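Can you read through this structure? Questions will come right after.
In this document, chain identifiers A, B, C and D correspond to the written order of the chains, with residue numbering beginning at 1 in each.
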Amino acid sequence: MPSARAILLISCPDRPGIIARVSGLLYSLDCNIIDSDQHTDDEDGHFFWRILFESRSRAAAAVIAELNAALPTLFTDMALHWELFDPAYRERIVIMVSKLHHCMMDLLSRHHSGELDAEVAAVISNHPDLAQLVRPFGIPFYVIPVTRDNKPRAEGELIERLQALRCDTLVLARYMQILSGDFLRAWHKPVINIHHSFLPAFVGARPYKQAHDRGVKLIGATAHYVTEELDAGPIIAQATTPVTHRDTVAELTRKGKDLEVVVLATAVRAHLQKRVLSHRNRTIVFE
Amino acid sequence: MPSARAILLISCPDRPGIIARVSGLLYSLDCNIIDSDQHTDDEDGHFFWRILFESRSRAAAAVIAELNAALPTLFTDMALHWELFDPAYRERIVIMVSKLHHCMMDLLSRHHSGELDAEVAAVISNHPDLAQLVRPFGIPFYVIPVTRDNKPRAEGELIERLQALRCDTLVLARYMQILSGDFLRAWHKPVINIHHSFLPAFVGARPYKQAHDRGVKLIGATAHYVTEELDAGPIIAQATTPVTHRDTVAELTRKGKDLEVVVLATAVRAHLQKRVLSHRNRTIVFE
Amino acid sequence: MPSARAILLISCPDRPGIIARVSGLLYSLDCNIIDSDQHTDDEDGHFFWRILFESRSRAAAAVIAELNAALPTLFTDMALHWELFDPAYRERIVIMVSKLHHCMMDLLSRHHSGELDAEVAAVISNHPDLAQLVRPFGIPFYVIPVTRDNKPRAEGELIERLQALRCDTLVLARYMQILSGDFLRAWHKPVINIHHSFLPAFVGARPYKQAHDRGVKLIGATAHYVTEELDAGPIIAQATTPVTHRDTVAELTRKGKDLEVVVLATAVRAHLQKRVLSHRNRTIVFE
Amino acid sequence: MPSARAILLISCPDRPGIIARVSGLLYSLDCNIIDSDQHTDDEDGHFFWRILFESRSRAAAAVIAELNAALPTLFTDMALHWELFDPAYRERIVIMVSKLHHCMMDLLSRHHSGELDAEVAAVISNHPDLAQLVRPFGIPFYVIPVTRDNKPRAEGELIERLQALRCDTLVLARYMQILSGDFLRAWHKPVINIHHSFLPAFVGARPYKQAHDRGVKLIGATAHYVTEELDAGPIIAQATTPVTHRDTVAELTRKGKDLEVVVLATAVRAHLQKRVLSHRNRTIVFE
């Protein structure tokens, strides 16, 4: 029997009866709720709900179709925003890198051990250096060079490539180019970036140098959705690790790599499991 | 208007329709769910649910009475286990100490700033040493000495005292006596203890000495419900902190105190907010 | 016999032979090195050394006098900067607070248990609210109100009070007034502050509100020496703790208090043990 | 010019003058101390010292020879134990694995980026599964199957292989076989293991299952030197990460892998930089 599980994400202004009506609908469709996590924003009263449920009699696709038909009729006085996902569908992600391989290798290694709920459709780089490391994983590696002069053309080529690869989510695994606002507007699918500082501290270039100069006693890493404003998009995951006066910029860089790897993997995993919702430039990350 | 909020904890074997029926009942009683957290045990399929809800028209006490009447009729084929709490009721806790004051002072300090959702009914010690530190908080301090010979009598006196104080939860804040099985069976209300190690490592006496001898690179603290088997009850909260070869047993003890304080406060707070359920010697701690 | 231990801090440009000559001098004075920690700045080659040593035949004061006479003669071609401390001398600290008591209570509680290597000479506040909590510790409590109009006069009164108290180090334990540049220049002894964010993120007012608005997944606390530029002095200690979308500003504030307490205590302790050296707006914190 | 840096590790009973005499000797040989870290055991007064120094006029090999000649003459009344290392010599390590690749891939990835101060001489496994992942790194992969019946023969083959590879340190990167006492006695070079629990909790098989059954709120990982008693050798590095009631054994296993990777890399790195000394089944790990 095909998968009978599905995920329902609901986002709307709070009002009485949402849980009762939606869970009643699911029950009437012979579905059992396996996991339910709900949150209401304390400032504007917005309501968020993630439900993992299982049909007891039909395939996920059939239940999803029924729900898509029934949900608009539940509330006549407000717009219910919802998304339905078949967890059996594996999202297609593309990893972008430059010359540093640690985040890419970690994601490929997790993919290889079946830990990542996604297909890695390709690795794309602005440099050819990492081709050899990708090869044993059997994943295509493309080079799209970026120079000061060819950026619009390179981004155009990137979009075409992503479309040909049917990419769902783009993961910047220490990709050292800034994607333009034009690209982001044209692409408009999720882009996850790893920034090597505890944002909002040390925005921009050379954050470990900045951290060293300020004499901080912790360094951090931040995974966030990319928006037009540099390093200012909704934060998905963060972590820090202690450092001391003995740590040079090179040592901070080395220690930071371990953070970047774990923080990016945490964010990608939460995103792929549909546990992340964005609202007013912040994220709700269900457990 | 009196408080209209209440907490409902449900625990039962999983089956379809629990969320639909219970949320439907709440909706029919004009209640709005503010926060809902649900968990199903992956091994035995037991279902746990914590709901914070608000009546839109009546006081909490009235709604609680109605729910107590209605919930038994929801399922005819299984025993639903539930508890209802009025968050406006402040539990009465008693803090037990010996000679070390750090955990006690922290709880009293939090109580003083309104951070603890409870009344501290008294501090009870087997030594008179800490009386002076308790005085400015305006909380009664009782001494019940315990010797090798008088233990049953002392525990009898303790039970009488706790009953006179209408104590709901007993908090052992580095109380250095072991409560007997006879006491626990007679008392049968929650007892929370802070153990100064990362259990199950270093059960029993002098855990920092044990940790030093083993040469660990982290020390820990564990808050747990007390059961008859020493240091083996359900764990509510744990934390660790790094140590090095430079740390003597005295240094481990000093560093550990900071952990104990935070871990005990975390556990007491979760317990008082009805976020902790015990199941098969483990806890579910809702966020 | 009086204490025979002393601490020697050395700071100078690096050159061959410093360790050989100084340790040779100590040996010739019949002193044994108990703990030695050395660091050389990777950027400007500055040399830092902390030595805890013990005289085998004389009191600390005598050895300190001999060293003060001999050290200038060791190097003729460079200026050796050194400081000598008798660890038996207990620094006199003054704690400044406003209305929040958590950091103050923690320091007083540590002082009470003998954990702080200092005398708490007084607590000074711009509000009378915390007087009662200080009383059982037997420590003087002074109120120096600060308004928009009286600030220079209030700071003058503060300096007089600190001098009368023979204060060595001032600890701002959530003191909500900014000390002026005039005060700092007049006072010129160490001032340690706890800032309730992971600096340099969220400088200035209401950092927990700033953190909430940015949607960070960790909050932090920073203890630093106070300099004229707000929140920009040398950092002594920092820590972070995870937060989620469920945490309101009030929850961040509550969680942050636990961090502030530990970070401030860590910094004060390191400072009192002469383990902190400042260099180019950063600190060396020997373990 | 060849490398002029060397590392000197000293371990002996404490007595006055060690630092003065050794640093005087280094100075007389025209060497400058770059980094010096010293520790004296608080229980038995044993003295440990790690010195990184630089010759100002000769190659490391020449200075090491001179020191090996001079050090025995420094003290006539006690046995000074010392070791001298040329940091330019790259140790040869062999990585042993079974079927899980995460620790191996991490070490190979670090090696590839020049972060590991060692040559990876080979990967040896009791299964052929990981051969393909090792290939792009250009490192030999050997299979030595182990069955219940052939263990002594397999271990004999392993020793021969290690000798042929001129292996200095053996790293068990989730190698699921227990090395016998016979092997360890015959091999007598360092063996570093990663154990997937916070030792001494959960010694032996299936630690994540044990952790789940006990209901802990943190899981850990421990890197230690292998001794004959299972999971009881000197601990080099440990770390923990929070878990909740939602985490199944599979989730604990997944989360734990991230810990194992970092803890093993930390331990291997410290070991290769000669920052680890063992004493009475504990380690001194200099920073």
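Criterion: a residue touches a chain if its C-beta (ideal position, glycine included) is under 8 Å from a C-beta of that chain, and two chains touch if they have at least 3 such contacts.
This structure is a prediction, so every number in the text was calculated from the model and none was measured.
*Asks:* Applying the touch definition from the top, give me the chains sitting in contact with each of subunit B and subunit C.
*Replies:* Under the touch definition, subunit B and subunit C have A, D as mutual neighbours.
*Asks:* Quick check for the class: compute each chain's Cα centroid; which one is farthest from the centroid of subunit C?
*Replies:* A
*Asks:* Tally the contacting C-beta pairs at the B-D interface and at the A-B interface, and name the larger one.
*Replies:* Looking at B-D and A-B side by side, B-D shows more C-beta contacts.
*Asks:* For subunit A and subunit B, let me know how many angstrom lie between their CA-based centres, rounded off.
*Replies:* 37
*Asks:* Based only on mean CA positions, could you tell me how far subunit B sits from subunit D in angstrom?
*Replies:* 42
*Asks:* If I count partner chains per residue in subunit C, which residues reach a count of at least 2?
*Replies:* Those would be 39, 244, 246, 287.
*Asks:* Which bits of subunit A are touching subunit D when the two form their complex?
*Replies:* 100-102, 105-106, 109, 112-113, 115, 132-133, 135-136, 244, 246, 254, 258, 262, 265, 287
*Asks:* Which stretch or stretches of subunit A touch subunit C in the complex?
*Replies:* 39, 42, 198-202, 214-218, 220, 234-240, 244-246, 248, 281-285
*Asks:* Mind pulling up the subunit A residues that touch subunit B in the complex?
*Replies:* 14-17, 19-21, 23-24, 26-27, 30-40, 56, 242, 287
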